[in-house]
Every structure is written in C-alpha cells, then in structure tokens.
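Chain naming follows the written order as A, B, C and D, and within any one chain the residues start at number 1.
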C-alpha cells in the first residue's frame, strides 16, 4: 500500500482523492492545502492527516506526492519532492516559464525520482484507442490529424490573466495530444487566433478562438481547433486520417436517449466538462502511476512531455504574434 | 418507345407521369380521368391526349396502361385492359374484396397479359439492399424482422370509411414487405390494435395504432409496428436479425445538417411522406415495368403478391376481432 | 453504516459486493456461500466475515441481506430474512412458481420488512430518462412501446433446463420494463416464439426467439423482441411512441471510435453483456436500497412488481402454447 | 425556351446535358467538341446539332453557352461569347492565371452579358442550409469554420502537371465555400502542405495533403483540410461554429443500411465522388442560371467570385512557399 500526500484540495485535488482512495494499492495519507476548509473536508472524508509542506516531505511514510495545487507552486514542490526522494505525480503544467521547467526537470533527474506529468487525455479510452488502432496498422501511415477542443464556457478574466494565455493553459493539452497520437515531435507550428467570445479576455491580452497547424518530420500535418465557449458542452474529438482511411473519436454524450418530433431528431449534447468527460481518464492515469510506484512501468508522460508541450505553446504564441510558421 | 395510357391524374398519377415522361423508352400517350381539370393539366404538360376509357382500350397505339385511379375502379380496369391485350401496371390494391381479386386475376391469366401490382417499397434502394445482403448470406439465416411504418398524420375520417380499414389500406404495404424480405409466405398472423390518434377513426370502425406478429415456415418471426400519426414525419424502417447479426434500413432524413446547442444535438426529421421518401422507388419500379414491356423481365410483384398481401390484411383483421392467432 | 450479509458470491454477487463496499453508508459485513472458494475470495478482498445462513440471520449486527444466490433458494432466504427482521434486497426472481411467490410475499408483509426485488434495468439512466421525459409530458400520452432485448449468445442447455424458460428467465426483465415505462399494468398478452438459435434449447423444451405483444388499459400497446443470440453484443433498446413524437434509448457502445474505409464506416458494437451495460444501474439500485434502509424511501421495485412480472411470463407462456391472447 | 450551346462533351459536359434537357425551359441546341465521338453521342441522345465554335457564336438561335471544355479554353470562349452577346455559364476556373482572368472579366463587363461561374457546391442543399441557418441567426455570429474536403483517390500525375496545382484545382472549391458560408472576404491565409499520397504528384511539383487557415475581417477563422485520397469515398463536410452553437453538414452516404455484427456496426461510406455527391447541386445551379436567363436573377456566383477564389489559391501557394501568413 502506497501512502500519498496530496498537495491541493481544490476541484482537481478532489477528483484525484476519490481515485487514490478507490485504488486497492493506494491510500490518501495526507492533505496539504493552505486553504484549511478544503483540506479538512478531504482529510475527514478519507481519514487522512493534515500536514504542512515541510511535514509531508519529512514524513518517511509518504511514498509519493500528488501535486494538484496552484500552477505557480508546481515547480518548487516538484523540486522539494525530488530532494525528499518522493515519487511525483504533478498536474500540468510544471511551470509557465520554460527555463524554470528545464531547471526543475534537472533537479528531478539528479535525484532519480519518477515524475509523471498528468496529461490526463492520453488516458481517455477513446483517444487511446485511436492511438492503438494506428499502431496496429488499421489506417496505414498517419497523414493528417484534426483535434477539436472546445470548452463549454469561458473562464473569468481574472483567471485568464494568470493562466499564461490560452495556448499554455488550454491548448497545451491538445499540443500533447498531437504528439501522443502522431508518435513524433512536430517540426513547425503556425497559429492564428481571435478574441471573439469575451471582450474581457481580449482586454487581458489573450485570445479565445484559435486554429493551429503543425507539421511533423514524416510530412504529416495536424490542426487544432479551439474555442473557450462551445455553446453545447465540452467538445473533445479527434479525427486521424491515414493512407487507408480514417479513425475518429466522437464525443461522449450525456445520455443515449433521443427525442424525435416536429423540430427534428434531438440527441443529448456532449458531457458538460472535463470532470465528467475524463472521469475514466483520471482513473486510468492513476492506475498507471501506481504501476510506476510498483516499478512495473516508467512514466508514460514524462517531464520531457511536459516541457515539449509548453515549448509548443510558446512557439505557437510566437507564430500568432509574427504571422509566421515557427520551427522547432 | 412504349405508349402509356394513364388512368387517374390525381396525386399518384402525377408521380407516375413524371417517370413515364422521363424514361427514355416510354411516352405518356394519353390520360383518362373523369375529373377533367387534372387530366387536362397532365395532358398539356406532357403533350398527351385526353381519352375516355373506351377510347384508350380500343386504341392500337396504347401499349400499356397505368392504373392510378380510385381503388374501386382497379379490378374492372384490369379486366378491360387484359381483354384489350394491354400490359398492366396497377397501383395497389387490386380490390378490397379478395374474391373479386381472384376473379380479376383469373381474367388476367386467361388473356396472357403481364400484370404488375405496384408495391413500390420493394423498389426502395434501402429495403432492397437489406434483401440483397440477406440473399448474399451476410447475416446467415433470417430469424426476426421488425417493420416500423408510421404515417406522419392521419387521413380524414371520410377517407378511412372507404379505405377498407388500416390493415388493407396502410399495413398492406408492410405485409408485402415482410414477404419480400423473408422470401417466404407466413403461416400465421396475430394482430393487436387501438384507436388512439383520432376518435373519428374509431367512430368509423377502424383502428390507428397496431402491432402485428407473423410466423413463417422456417420458424422466423416478423412484427409490424403501425401508427397513423408519428408526429415527426414518415417513419419507414426495417430491422432484420439473422444468425450472424443485424441489417437495418434507417430513415432517409430531410437533410444532413445538424445543429448542436444547449438543448442538444438536433438532426433533421425523416422525409415528410411517401412522395419524397419513395421517389427513387417510383422511378425504379417504372424501370422494371419497362423491362417487362420489353420482354426482359416478368413482373416481380405479381397478381399473386397483391392477393396474398390482401389475404394477410383480412386474416389480421380476423385476429384483431377474435384475439387469436390466425393460420393461413 | 449498514452491515450487509451477502448470500451468493458468484458473478452477480461479486458485482454487488463492489457497490456495497464503494457506498459510503454500507459495509460488506459477511458472505454466505456453500461454495467456499468464492466466499473466501470476496471475504478476503473486502475484510468480510464468512458466515452460515443461520449465523447471518442470528447476527444482530446484520442490518440487511442481499440475496444473490441460486434462484431456487431466493424464496426461502427471503422468508428467513423477513422472520429475522432484516431488510431484503433480492435478485429477481423471487421464485419461478407464482404460488410460492405469493406465499413468500405474505411472510414478508407479516414481518414488516422492506423487500426490494432487483429489476436493475429500471435504474439504467437511459431507460429511466425515457420514463422521466414521458412523465414530463415531452411526447404527450404514450401510445406504443418497442423493447428490443437480445443477449449476445445463448446460455448452455443445462442452464436453460432449470431456468423456468425464456419468458421467466430473460423476458421477465422486459415485462417489468414495459410496466415501468407505461406506468400501468397490461390487460392482455400474446406471445409467439421459435427455437432457431440452438437445437439443444428446443430439446430442453424452450424457445430462443420471441415476439410478445401487450395491451394496456389506456389502449396503448407494447411489443418485446427477444433473442438469445444477437451476434453483435448485448442489444438493449427501447422506443416509446407518443402523441407528440418518439423517445428512444439507444445502445451504449463499447467505445466512441469509428473507422472509415473502403468497406464503410464502422462504429463499435454494443457493450458486450449486462455486467458492462448495466454497471451504472447496479450502482443506482444499490443507492436506492440504501435510501430504503435509511427510511428515506420505500422500495420502488416491490414484491408486487416481482410477482406481476412473473405473472406476465406465465401468461405469455400460456399464449405461446394456445395461440391466443391471454387476459390478466 | 432557351437554346443552349454546350462547349465540351466530356464527363462534366454530360452531367450538364442531362440537366439542360430535363429543365422545362432549356434545350440542348448544339454541342461543340473537337473530339467528335463525344459530341456525336450527346447530339444524338438529345437531338442537338453539332457546331463549330464559330457557328455557335454566329447562330442567332443560341441564347446561352455552357462552357465545360478544357480549362485552358475557358477564358477565350468567355470572351467570344461575351462579344457575341450570349449569356455565359462557365465551369470553374475562368483561367489559372489571375491577370488573364481579370482581362477576361473586363471583356464580359464591357459587353453586358451575364456570366455565371459554376461553383456547384454553393448549390448543395446541405451547405446552403448551413448558410441559411446562419443567416437566420440560429447560431449567432459565425466564429470558426472547418471545411473537410477529401477526394476518394488521386488524379494521374499527367493531370496534376496541367492542373495549376492542388490549390487552384481542388482547394479552389473550398476557398469559395469559405467565402460563401462566412459572407465576407478573408484578410489573410496560411497554408501548410505535404506530398504523402503519391510520389508522382510530388515529382510533378505539387502537394496532395494540406491544411489552410484563413482569417476574416470580423475576426472569424476558417480552416480547410484537404487530401487527394481519403480511402473511404468523397468526404465533403463543413462545421460552422458560432456564438450560440454549431451547424454541421455531414456526408451523404451511399445508402441508409447498417450491418451489425461481431466486428462492429457498419454504415455505408460517403457517396463515391462529385457526380453522385453533387447531383442535386448541378440541377440547382442550372435552375439558377435559367432564372438569370429569364431576368429573374443575377448570377449568384459572378466573375468576381471566380477571380477571388483563384486569388486565394495564389496567396495560399505563396504562403506554402514562404511559411508566412499572406494578407489580401
């Protein structure tokens, strides 16, 4: 049984706490959160301790940490964990500044601890199946990929201001997905974007609608379509075209009931947002991390993956600002 | 080029006149309809003559007749056509009384003219494809068939009164479809029905909602689901289950556009009614009849098919009235 | 926290044990199964006791029993539980003989214990949504219902021999579903069936393919289409037609990935069988039973529901044998 | 009745001849094609004359010309027709060189004859419906558009060499579609492409796979996904996202039959190629041109539209070559 110290008891920390508790090989050992109310709630629910950061890292009973705290704390917590010899599961991103990410990954490397950067969508059974069918040769060589990723509704402008911008905050998942599906690192990126959804987002210096085009060493292409507001739920699809046909992962809908009447045939809209849509993915990534703890696997999403996705976001931003394709 | 005399210039006669004129080997030669206005309109549009019944049958230039007049005139016109040696295309049914049908078919047989009874749905490309895939062995042996057949909205009670009842008027198409798909004649039928849509239909002694179950010599089963009012267009589907899987012919929708929003994902409803839904079928059945005229084929829907479908309607009515399965 | 004694540690008992353990208000307290290996496995996994039937009923710490043992033990265990004052969750059916069911329900009533008969499909979110949308008036008055229920592959003939026949073993779920959706008890039933799938089933005196037609007091109709072998997974759909349109609950598919190539556009087949398909339903019915234990609800599926579904199976069998509609 | 002179009796000329003949107000008056065999076939079928170019333009009975000849003859034929005072229906493109296009359009303008440039997809009922629902306000303001346009299989390299390149030959339809749907001219374009399908296409200096991103004055974005070889038929879809949701035009499939078995649920693939897919569009565009002849309409697709689509192709090529977004 592995004892897990959870940093961050907010929305995403709560998701993980359920999975930590439900997994037969892990226990939610302690919760660390400066906001005491959230920490207490989780600690009570799962019989966990309340710890400070220092206590958690000093505690020999802690086998691994799950970092689900505010983004700007990730890098430091990773370094402290690495130095304390704890295995690390960290929500993306490691940091919004790529130099800081590299510095942090160096510390991890020097301390020989496993680091899993949680790109949860890689564990979505639908997207994973597309990757597996590609690997199995079902469509031959991959030629073009379309990723549709639309949030149901925009975040508040206050959040946008500290988010690092849409590419680093939202598109980063799609950048990683492109690499996961294609199985190679892109050679160039072009980005085009607009502020159409909420003027406050534009006032905060960000965009809310974008198309991104990438090219890969094989010549294969990928595009990402993003918006901060779909108007019909969380739209998460991919479509992969290869030499022998197409693989497409459709949305998961809220239910399987249709109503037919004078106005047409109406099916449910997509699952509302990531907590529902990626429920299975959160469970599966945790199971993978437990395999890492058990020495049965090495992290499928490594620090390098976290770093490369951020690099793609940075280069996309450069492209948006210059109107040019940017090479890696 | 075959000259066609068209009996009946109403709605269904107009459908056929388009196809007669469009076919490279047929000409709309004359129109016969006591209602002069309709006849004139068609004659003018296609450069056809106006004829009386007597003139049409006496005219050596008429190669074939298409009977699309009122139901109660079909049998007599068939007999007159047979005696005049004209090939016959007749809208279903031959007659609502089965003894009259048999008498009429005897006359046809004695005069050695081809008679095609127009069960148009056999020529629908969707249903035909199901039959062909069954014949090709795609699902192995047929085991059960579900026919869904729902009109968009009920006919006026005046029509219902002279229609022969729902089974002879509407379900007769589905009875024929069951035989067409299964490729065998049923051994028994059970019918259950209700008057739910329009009280005037009940007052006219008829039902408007029904389920019918048939058994075939092979042991295979079929059911028909009927209503006079769907509320969402013309619902025409079949689902055929066999030992190795399922074949299903879905509805043809009004268009391929979907709208996704807060209320769900809405696709178009099915094509409104038979003129739109079976447009391709009307063309294809006419092409078949021209093959019959050319001696390249014998009628795929014969007088026997017309008689058997009516017999099924009669037996279904007997079952509805007695609460018992009726054998053939 | 309610302590649950689980009778039967086989396939379905294992399903329930997961849900008992996962629910915050219930504990798997003990397991009772003459087949020690299964019982040990579950007891070890969940830290439960191994008990004999006598011990379980005598144990004051047991608040409720979950009966998932062999069908022929249900009635006796229900009676013992009722006399011991334990709340009862029982897998369907209570017994295959309706007189025995009535006797058993009488004992339950005399002992004032709650009895939940587990028609799990009532808790399937899809079917429940159809019921709710009907209740909300979305399609007006219900007029006809089609239930499609096809197992992926037939059970062994040995099982068939002791199953009570397809109607009591398999269709019983569909009979209950018809009552659940329509919200009224039927007035008549007609059944037609064949042995098409496996001759051994016919040799055991049973059928494997059936259509059943029911009529309800409102005049509404329902039909059930059954087969023991679909060839494409577990086919569980309902289609409810009302005066203002249609509600349809489609299959839950194994995944949301499609492959398009020269042979067509292929989507996943339905979830393989009931354990996958009704996973959410098993969880939801347990949550309901916990509400019953907490006094927040009375059993939505009562002994009466269990009795009526069996009665429908008996009457359907009578209809199959006589070729007549049978009244209730 | 309008007499039409048809230039070009090849594949696309044959499509138009059917529609000219079928329209109540037009007659196929003459056919002009240096390849006598094709011309004879059409002339015989429709009772048309064989003419030379000079004869056709000198013939007072010719009301309009339909130019479906080789691409490099379009501009000259348009000029001759304009000078002869004939109304002009011309297959796209006017010419592959934009200066030549402009020169040609000047001649048309000076001679005050109507010119319809046949972007047939604007008349596809599906895409038109998307445009109409956008205009009707169904999704609010347009924000992003995805056009998927994939040919079933690549053209021969010989064709590619004289085609003007994929953007001028194939994508030109999608460029026009983007303007048609968005209702505004783009301000910039970026293109990325690869040669993945057939090395002979690369050897001919062309690409066969591309993504194109456009920006519009409103800030709205559009992307086009192209390949010369889908592997599953002709993939022609659009997806338009707006502030209140999504409109999507799906493929038209070869039929509405599905087969479900152990390998999944297989529906038909998309209609094979443009002759089938855009059959309704060809009819509708001809009906529009007849309205132009009758003075009831002005050409919806004008010379300007032809010129702008070509300009987009030119700028896209410039972007592909420079790796930069190109402004209009």
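The rule is short, and it goes like this: a contact is a pair of C-beta atoms (placed from the backbone, for glycine too) under 8 Å apart; a residue touches a chain by one contact, two chains touch by 3 or more.
Chains and their UniProt names: A, B, C, D = Inositol 2-dehydrogenase.
Quantities reported herein were computed from a predicted structural model and do not represent experimental measurements.
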Requested in this report: Select, from C-D and B-C, the pair of chains that is joined by more C-beta pairs in contact.
Outcome: B-C
Report task. Work out which of A-D, C-D or B-D repeats the contact pattern of A-B, with more than half of the residue-numbered contact pairs in common. Result -> C-D
Report summary line: CA centroids of chain B and chain C: separation to the nearest Å works out as 42
Report summary line: Distance between the CA centroids of chain C and chain D (whole Å) is 58
**Report entry** Residue numbers of chain A (touch at least two other chains)
**Finding:** 139, 231-232, 244-246, 259-262
Requested in this report: Have a look at which chains touch which and call the overall pattern line, ring, star, complete or other.
Outcome: complete
Requested in this report: Write out the stretch or stretches of chain A touching chain B in their complex.
Outcome: 231-232, 253, 259-269
**Report entry** chain C contact footprint on chain B (complex, rising order)
**Finding:** 139, 141, 143-144, 146, 148, 150, 188, 190, 192-197, 209-211, 213, 215, 219-221, 223, 225, 227, 229-232, 235, 241-246, 323-325
Report task. Under the touch definition given earlier, write down the residues of chain B that touch chain D in their complex. Result -> 22, 125-126, 129-130, 133, 138-139, 244-252, 255-262
